[in-house]
Amino acid sequence: MTDKQNSLFVFIEENNNDINLSVNIGKIHLENPVIMCSGTFGYGEEYGQFYNTALLGAVTTKSYSLKPEKGNPPPRICETPAGLLNSIGLQNDGIDCFIKKHFPEAERRGIKLILSLFGSDMDEFSELAYKVSEIKDKIVAIELNLSCPNVKEGGIAFSSVPADIKKIVRSVKRILKIPVIAKLSPNQHNLIEAAVAAEKGGAEAISIINTVVGMSVDIETFKPRLANVTGGLSGPAIKPIALAKVYSLAKEKILPVIGMGGIFSVEDALEFLIAGASAVGIGTANFIKYDIGVTIIDGLREYLKRRKIHDINEIIGRLEV
Amino acid sequence: MTDKQNSLFVFIEENNNDINLSVNIGKIHLENPVIMCSGTFGYGEEYGQFYNTALLGAVTTKSYSLKPEKGNPPPRICETPAGLLNSIGLQNDGIDCFIKKHFPEAERRGIKLILSLFGSDMDEFSELAYKVSEIKDKIVAIELNLSCPNVKEGGIAFSSVPADIKKIVRSVKRILKIPVIAKLSPNQHNLIEAAVAAEKGGAEAISIINTVVGMSVDIETFKPRLANVTGGLSGPAIKPIALAKVYSLAKEKILPVIGMGGIFSVEDALEFLIAGASAVGIGTANFIKYDIGVTIIDGLREYLKRRKIHDINEIIGRLEV
Amino acid sequence: MKLLNGEIISNERYSEYLYKMVIFSPYICREARPGQFVNIRCAPEGIYDPLLRRPFSIFDIEEKFNVFSILYSVKGRGTEFMSHLEKGDLIDFIGPLGNYIDLAGTKNNVLLIGGGIGIAPLYLLAKQAVVMKKNVFFAAGFKDKSYQKWEDDLIELKIDYTIYTEDGSIGSKGMICDYIRSNIKLFNGYDVYCCGPKEMLKTIQNIYTKSSNRVSVLLEEKMACGVGVCNGCVVKVKHVKGEFRYKRICKDGPTFDIREVIFD
Amino acid sequence: MKLLNGEIISNERYSEYLYKMVIFSPYICREARPGQFVNIRCAPEGIYDPLLRRPFSIFDIEEKFNVFSILYSVKGRGTEFMSHLEKGDLIDFIGPLGNYIDLAGTKNNVLLIGGGIGIAPLYLLAKQAVVMKKNVFFAAGFKDKSYQKWEDDLIELKIDYTIYTEDGSIGSKGMICDYIRSNIKLFNGYDVYCCGPKEMLKTIQNIYTKSSNRVSVLLEEKMACGVGVCNGCVVKVKHVKGEFRYKRICKDGPTFDIREVIFD
């Protein structure tokens, strides 16, 4: 970090084209560092009505499993102070449906896709990878959801054990040979070990954070507000937590980090980049600020222009501690 | 829990005196379940101007160490969405000053004190316990702060190791022979094991949660907003997280749980009680709602009256899952 | 659908907790149809508590003034915020959302059953049915007289209606479902649309189990996105072979065939 | 100190980002003294974003009307919220907080140096000094003419003053610290009180290193509780043997001897 800190900013003319927003996350090249988080964005049908979703750095799909998943019973949503609790429970149409139906739609719209996969055991991850083979050259990367808090209680799935993480990443990587991102949980204490394991397995980057285990109670009925009792907390409430996790992992320089958790504005996105994230994920904000994707891309450009910084990479990890 | 669920509520007359707010947390008897959290309340001088602080179930002191602690450099405070980040760093006057100065003041005001202790190693905890001997019969309990995120990076202090927790609790208990509460960290993954260790050491109850590790960045200066880089997140933002932790621990029935984290209203307090907390701690709310202590005590009474519930103990752990 | 910032033309108090907000929006007037809703942001820019938008049915459209309105009842923090907005303030909303109800090709007789704030989406439906020269009957049930002023709106439509209140303070005393049950024959051959509290909807489902009427229900559930991407707002519906599956109220609904819905 | 709910008498815009809010409060009028502040809640009841209260110096007290005022500059979300409040609205605050400045037994000559919004706490001090028949000189420095209207308030006090602005748009052009430095002899034997941006305070500390004037400084730091219990708002001050220690601005201050403060 010190060499970056000492480098002088390159002064530039007032010209958008002179500003570089593109980033490399390991071997993943993105036109800009703005990624839509898994489970919070469609394939263009909805958000395409607000802006050109092909302009996004990438869009991560909902996590797909081998078979369609019904998901958890409602209520699945509960608002908390500056936060959202959800217990969707990975409802999805199954990987086959994705490949047949959603993928062509996204492709048609020119969306850069990161495909999120979720398996309940090692074999499921491999099977998923085989299925994906036919479209593998048309997607940006695979993201492995190793961290959903809504499937095992407490959010500690089998996939949080470092040795398992390494095996899962390796097997998927071996089959697909495209970049693999490991999405880890803020609920797991061994974040560093988990990242090292992912790196050893051949991952290209780490996505953090998934939602934080949370809960809410209806004091009139004595029932939990989510039918599933606990859920995952997202939104502005968790931003400081996410930022601390991103910083603590990014400074270890194990793998590039895609940072997410409560990003609702360009200022929030900049906090993550400065703290060390190579790219940022926008999740819950999509539900409230429908045009947040393009707002942040434009905002990053404006910020760099104002600060006379030529290249977004100059601010990544630039935190002065 | 099932026997409680099936029991019928006792119908009562509209009379305050008929409503029981007192709780037993193991051997600790409190007139009501409202406790002020460590580090967020004085000894009556300040809050005594708003209400009679002797009415509170108990007041937990700032965590005291053997020697006075300067604490961390400023800025120590940063506001986040519905949250507060702090990096006070356990600034305190030292246990001697507490015993000589603050304790008599609190005693004069009739405040029921829980004395919070913080040691940087095993010996310090024992030495602290010896010092406390002279006032031990005049305090309600000792709380051991095994969880401050502002002293070791990442909040994982030596005191998060279950074996250490057992030793610390045991040594303090052996010296003082009064109830000991272990305050644990939400940043530690092995909450259950830690609680079991505390129980084996002879603890009376568990306090959770302490603040969650968080961070914030100033995008203009590239500096962290807290001089200490990371800090502890408290306030409404963490309420769902705290509630999930309290529920997950309380249902194991290892030890009674004192639940805290983001309680700002009587409704919030009720959520924790229903989820299984035997008492609740109010922290950050004291900074915004100066009369929150008495507001919650009154509010609990009103709620029980309205719901025609005779005894607060009837709602503790009554969550219907 | 579009993300819009509309000027508030009025925010009238109908009764203690009931308000009608009129918003300027040529786009909504042009695009929206009965059964659709808007999703409103209930905090100033940059404030994240309350966080989520709130969904409200489009209550009325007055094309000649380029305004639409919502009728809302103050329940919690979001609607409390809305109740403090004033003429001239801007309101951030998205719409129209959800599937609309297509009256073309439906029966000529329409029965609307609304309970409480459930009357909100049915009003525009009634209005359109009148335009299409259908025979409309509006059966509304309330707790008390808080919807009294709404009756004036209803009268403007010049349709037949009946109002029941639990305390008898306006209309007849009693439950609207009992009225429907007793008069079920009267509405033979009507297409039915209902909206209201879950208990009422369950009762209506029961009443119509064996009838051949087409019965549609407008449902509510907590929503996060409102546009179909989060799967937050699901309802259980019947699927093949005695199975069930989840449908999204915001995108697959909010109107469903009452016979496919599984109320728990 | 008390937790109060005061009615807003006016909330006048002085310039683009500068407002004066007048609040009815017999209690504050009776109890507050110069140098003290109030801690204001900047969100409606039940809304937790923004979460913390905001501290504001008591700018003026008009005992005959039972009102006090604050002069505030809109910086972020809290002050933005305040700027939208209107006459008749209630505001939730606590006060008076902090130590007051006791002018009894101080020199007869008082020099007040305010930079930007730092003039706010000094105004009431000036007013009281006038009442005590002291000789007061007010030296104020601003970026531009946004404090023009404040000059009218100042004129009412009938004291000597000078205003410097960086762009020369009102008063003389230049920095107030340069004025003080050049005229240091003029204010020999004055008690000095200053408040403003940290850089300015550092400069004043330098200017007065070797002088014998009593120099007091009013400090700011982020606050959580405002009443002395959280240790959030500390400033480094000199302690015995070259050591330092932390003092709380809200309770041990906000006024300090400038020579004890360690600016980093």
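Order of writing sets the chain letters: A, B, C and D. Residues in each chain are counted from 1.
Keep in mind that, in the parts below, contacts are C-beta pairs under 8 Å (C-beta built on N, C-alpha and C of every residue); 3 or more make two chains touch, one makes a residue touch a chain.
Bear in mind that the values here come from a model prediction, so they are computed numbers and not experimental data.
Engineer: Which chains are in contact with both chain A and chain C?
Structural biologist: Both-contact set = B, D.
Engineer: Decide which interface, B-D or B-C, involves more C-beta pairs in contact, and give its chain pair.
Structural biologist: B-D
Engineer: Round to the nearest whole Å and give the separation of the Cα centres of chain B and chain D.
Structural biologist: Distance between chain centres, rounded to whole Å: 36 Å.
Engineer: List the centre-to-centre spacing of chain C and chain D in whole Å, with centres computed as mean CA coordinates.
Structural biologist: From the centre of chain C to the centre of chain D is 54 Å.
Engineer: Averaged over CA atoms, how far is the centre of chain B from the centre of chain C? Could you give it in whole Å?
Structural biologist: About 46 Å, centre to centre.
Engineer: Can you tell me which residues of chain A touch two or more of the remaining chains?
Structural biologist: 80-83, 235-237
Engineer: Check each residue of chain C and list the ones that touch at least two other chains.
Structural biologist: Each of 46, 48-50 in chain C touches at least two other chains.
Engineer: Chain contact topology under the given definition, line, ring, star, complete or other?
Structural biologist: Drawn as a graph, the chains make a fully connected set, so complete.
Engineer: Please give the residue numbers of chain C that touch chain A in the complex, ascending.
Structural biologist: The contact residues of chain C facing chain A are 1-3, 41, 46, 48-53, 94, 221-236, 245-246, 264.
Engineer: Spell out the part of chain C that touches chain B in their complex, as residue ranges.
Structural biologist: 48-49
Engineer: Which residues of chain B touch chain D in their complex?
Structural biologist: Touching chain D from chain B are residues 39-42, 46-47, 49-50, 70-71, 73-84, 86, 88, 91, 235-237, 264-265, 284, 286-288, 290-291.
Engineer: So in the complex, the part of chain A that touches chain D is made up of which residues?
Structural biologist: 81-82, 236
Engineer: In their shared complex, at which residues does chain C touch chain D?
Structural biologist: Chain C reaches chain D through residues 43-44, 46-50, 77, 80-81.
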